[in-house]
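As written, the chain order gives the labels A, B, C and D, with residue 1 at the start of each chain.
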Amino acid sequence: MSLLSIRGLTVTYATGAGPLRAVDALDLEVPAGSITGLVGESGCGKSTLGRALMGVLPDRGRIAAGQIVFEGRDILAESERARRALRWRRMAFIPQTAMNALDPVQRLSAQMAEVLIERGGLGRAEAAAQAAALFRLVGLDPARLSAYPHQFSGGMRQRASIALALALSPSLVIADEPVTALDVIVQRQILDVLRELQARLNLAMILVTHDMAVVAYACDRVAVMYAGQVVEAGPVAEVLERPLHPYTMGLTHAFPDVHDSAMALVPIEGSPPSLLNPPAGCRFAARCPFADPRCVAEPPPVRPFGQDHLVACWHAEQAPALRVRAADPQTWAAIA
Amino acid sequence: MLRLAAGRLGHLVLVLWVVTTLTFVLFRLMPGDPTLNFLSPSFSQETRAALLKGFGLDRSLWEQYLIYMGNLLRGELGQSFLQGKSVAALLGEALPNTVILTLVSLTAAYAFGIVAGAFLAFRRGGVVEALAIPTTLATRAAPEFWLGMLLLAGLAFQAGWFPTGGALSPGKEMGSFSESLISADYWWHLALPALTLMLFLQGLPLLLMRATMLEVLNDEFIVMARMKGLSRWSIVMRHAARNALLPVVTAFALGLGASIGGNVVVETVFAWPGIGRLLVQAVQSADYPLAQGAFLLIAAVLVVMNTVADLAYAALDPRVSVGAKR
Amino acid sequence: MTARVTPLLQATGLEKTFRSRGRIVHAVADVSLSVSPGEALGIVGESGCGKTTTARMLLRLEEPSAGRIVFDGTDITHLHGSALRSTRARAQLVFQNPFDALNPRFSIRRSLTEPLRNFGVPASEHRDRIDAVLRRVRLTPPEAWLDRKPHELSGGQLQRVVLARALIPGPRLIVADEPVSMLDVSVRAGILNVLREARDSLGLAAIYISHDLALIRYVCERTMVMYLGRVVEEGPTAELIATPAHPYTRALVAAVPVARVDQDRAALPIRGNLSDTPTAGAGCPFRDRCPHAMARCATETPLLRGIAPGRRVACHLEGAL
Amino acid sequence: MLPWTRGCRSVRSVRLDPYATVGFTIYTAIAAMAVFARQLAPYDPKAILKVGNRIARYLPLSPEHWLGTNSSGRDVLSQLIWGARSALEVGLTAAFAVVAIGTLLGLVAGYLGGWADRVITWFADIVLGLPFLPFMLILAALTRPGAGVVIFTVAALLWPNTARVIRAQVLSLRERAWVEAARVTGCSTARIMFVHLLPQVLPLAALYGSVAIGWAILAEASASFLGFGDPEIISWGGMLQESYANQALSRGAWNWFAPPGAAIMAMVLAGFLISRGSEKLLFPKLADQ
């Protein structure tokens, strides 16, 4: 039984040109006690999904359909009051840029205390002790609690954000591009903190990222998103080594490997479809070197494939052959 | 922070010096004999001689300037033509009235503006906003003396609820300003001019508060506060309002400086015996020493309050006052 | 690489200092480098290491506080005004953020005409040169793009226009500052490939600035690693990555994320964080974060020394490996 | 959403914004009054009207005199219509001067930085230390009262507001990569400032212009009210001054002092409405709400 299971979730944004379907009939299972990577390019709906789970969408966004079953309860069916009770206590959030996500005019001690007291029901002294403990947990000196956010470096702010997220011992943490704005060394250190705490506290975590390497380093499972949908999902080892979807295959060849100079990079030509009027068939068809008329006409269903591996592609059966062809830049150049 | 304060204070002194010098030049470059402009023909021969010597009006411009600056530093502003009093004494009588009028109206305006602005930001859209915004803009667009005229005609002349001008009813005399302060008559006279100014002044804090609140409410840390499941009250008061108040506090300090001089027309309409009215009377009756003194005082207050506004903003925003530790 | 090619660009002892709270801070200290036609040099390091400032000095977008830059036979260190402007045609910059690198009010045609006009190319040639450069960056057919405004293009397309604008005056040197970091993963390869082809077919010298060693590895034969304004190591890219000599390079190589399941997840060979850095004075800037720091590291700034053909390192550690 | 797509959307929405529409309508109406004053005004605004052989003082509202007459027997409506002329003249001239000076200095200070910036900022600080109305009064007293003093004072004292925002915008534009790109592609400093940057800041400058029109008219009204207007010219402020001085308040002659004040308010409000309607342009964050 998953800790979180999302079924047919659709999130739309009202725009002048009609509703934009940022997340479209999306299914996803997040098991307890593991890190699930949610990987995709900008505009694929991965961040929207994170915010929809927290129940805090931008003003123009709304959940148009679907179910979010969390800890056995369908939380979309519950009252706003019940959902608010859940927030931060059961599911917490780590933002991309901790600079903007922390109140600039309040000390970190006040921001920690606010959550611990108002949401955690702690007393003032208990809250101070707990804040110090949390700072230690993420590798920050508790003496720095009296600092303002702008006095911290990017890595320290991100650690403070993690401490805040863990304040009320949630069972699920959603991290939205938590290391994107950081330098490689700090990035690695923050990923290590996340991995270590996840294991120690047996958290479930959704790690939203655009970087397949971050997924490979930190995640147990991965879901690849494209144009508002999950196109492939499974254990990281499976998806990375035996990708079934041509988009995933493209991504694994799209950026260089520091230890391999012979590798030829493969650009995926074209750009994702408009989510105002998504194409009828497979959304990747226009950029896919293997697309045939059926792909353009009919959306491929999500199918289980092998051990715990899901894919939405009509050609998944030919995946081993396609993987060989996908490694050749000429295959993709034909699309342009 | 200390460095910043020292820098701003140094700047303040510099600006004050330039403004006083400019005033000196302005009053000496006017047409006619500048000497005559400072000596009323009505003065006695001895007074004339004393003033000529005291202000160095018979010497070169350069020497006059040095004497002028020296006098300023000692608070010596010269002799008014008409009232036979020293300029400093006249200003001293008028200043408290102006300060009271300004403080009362400005405080009321900001208290109202902040609350109403926060409310409008909170309740966005709808009929309330559609009516409130244009109305507020209209109060800022109306000439303040015209607002005063409307109130005067309606509430004083027609309804008779308020006096038609001055600071005290005819025949009443107050020994000192503090005596005035505790008399109901004084406050009754203050009501209409203060209301006029308040009407005119409340628009700025209201619109500023609303705009900054809306901006802050869109910031990512507010989204985070919602994700944390914090109550709406916590979000609005602890996070949004605190951040949004920064520019409003600055505007208050700037407004204080500006309205001491900006009260000119309202004081004139209500015959309120403040600095502004004194200035107008002095200019109308070519009483140059008094005009110069009033102008210098108004400018000094403005310059000082500009600096206070700068410092207040810096003090309230930790991003400025608490330097990054790097 | 042949050793006896005259370098196109040679910089020696570059420094950039600025005053902050009464102290003098070195953004860049004693950086020397050279690039020859057809060669690509990578400068790699974390934010704040001075790599961007170095690049801006090389293009004379900033004036060095000390040092000397000789470009194409001319000392450009202190050039100003029109003398400087005329060298710009031969040294161009590719920007990091394509969404911001084009005047939003200018059509693509106008953005590409601007350099031709400024560098005095006769108007009769404009049309042909614009066509050719758009083909080179694979925006075809050219006439389909000319009248568009930047907001109508995707990030990858914009970066191709930025590239085209850099190539159109016929430069001999291209400096690319994080040319793909703002782009979606799927279009990065396209940009890198176009850059690589342009360098090969036009014989350009190229300098790439990046925090990403993997990217540098893909496009540069030679790499310089910077830390806090200083060059700590330089050498052929493949060797430098395979056998990093400086402790900082080692940490950097270990930290680069790789999209593989089996990878080293051991703790990085580095301590503390960037804010624990000594601010001034003698000594190695990396000593407080270095797992191998010795007493000597605190007193004596290590100088770059050769450890193998084409390889230099600034570290007191003997053998360094 | 990327910043410039936001901007483009906002430009379109400015035109449709109801606030801005009302503002432009008011301007159009006042401009029409000013241009066609001769045709629109039922009487000569300076003519002393008679009823029989008595001066037609304080006539109430009537079909002959829509807004009645004043204490000297002049038609209030005709004065109101003619007053639009001086309002428009003073407002437009002063606003143009403010925007021209402010934009130029803001552009120079923001882009060149260094000593140019320091000198301009220093001047702005001095000017901000001069109280507006008192300065205008003294100037009027020392020279010749009239519109010239008003326009000069508005231009001389209000440019720092425009310069400050233009400078701030240029400072942020200067950091944009495309401005640096202009340098790299061989643009001269002048070309960057006037071909690349100026078009970007002009909308903002125009916005400040529409507000400055309002300040100029208020300043003119205040000066006239305090007796420093040109008595030969019919202006709304002058009408207010005349009514105040002739006991219109105690007589309850609302028809005399209410309309000119309302006209000033409408004109100033128009500027506010336009700049407010375009606030979305300045604060795209708000527009996205």
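Assume a residue touches a chain if its C-beta (ideal position, glycine included) is under 8 Å from a C-beta of that chain, and two chains touch if they have at least 3 such contacts.
Fair warning: this is a prediction, and the values are worked out from it, not measured in the lab.
Colleague: When chain A is withheld from the analysis and all other chains remain in place, what is the resulting partition into connected groups?
Modeller: Leaving out chain A yields one piece.
Colleague: By number of C-beta pairs in contact, which two chains lead?
Modeller: Here the largest contact count links B-D.
Colleague: Among the chains here, which has the CA centroid at the largest distance from chain C's centroid?
Modeller: Centre of mass proxy via C-alpha means gives B as farthest from chain C.
Colleague: Averaging over Cα atoms per chain, report the distance between chain A and chain C in Å.
Modeller: Computed from C-alpha means, the inter-chain centre distance equals 31 Å.
Colleague: Chain A to chain B: how many Å between their CA centres?
Modeller: A distance of 55 Å separates the two centres.
Colleague: Using Cα averages as centroids, what's the distance between chain A and chain D in whole Å?
Modeller: Centre separation, chain A to chain D: 52 Å.
Colleague: If a residue has to touch 2 or more other chains to count, which residues of chain A qualify?
Modeller: As it turns out, chain A has residues touching two or more other chains at 153.
Colleague: Give me the residues of chain B that touch two or more other chains.
Modeller: 325-326
Colleague: Got the chain D residues that touch at least 2 other chains?
Modeller: 289
Colleague: Quick check: in the complex, which residue numbers of chain D touch chain B?
Modeller: 19, 22, 125-126, 128-135, 137-143, 214, 218, 221-222, 225-227, 237, 240, 243-244, 248-250, 252, 254, 257-258, 260-261, 264-269, 271-273, 276, 279, 283, 285-286, 288-289
Colleague: In their complex, what parts of chain C are in touch with chain A?
Modeller: 46-47, 138, 154, 156, 184-193, 211-215, 217-218, 237-238, 241, 251-261, 263, 265, 267-268, 270, 273-275
Colleague: Contact residues on chain D for chain C in the complex?
Modeller: Per the stated touch rule, the residues are 2-5, 7-8, 176-178, 180-188, 191, 196, 199-200.
Colleague: Can you list the residues on chain B that touch chain D in the complex?
Modeller: Touching chain D from chain B are residues 11, 15-16, 18-19, 22, 26-27, 29-31, 124, 133-134, 137-138, 140-143, 145-147, 149-150, 152-153, 157-158, 164, 211, 214-215, 218, 258, 260-262, 264-265, 268-269, 276, 279-280, 283-284, 286, 291, 294-295, 298-299, 302-303, 306.
Colleague: Could you list, by residue number, the parts of chain A that touch chain B in their complex?
Modeller: Per the stated touch rule, the residues are 51, 54, 56, 84-89, 92-93, 95, 97, 100-106, 114-115, 118-119, 147-148, 150-151, 153.
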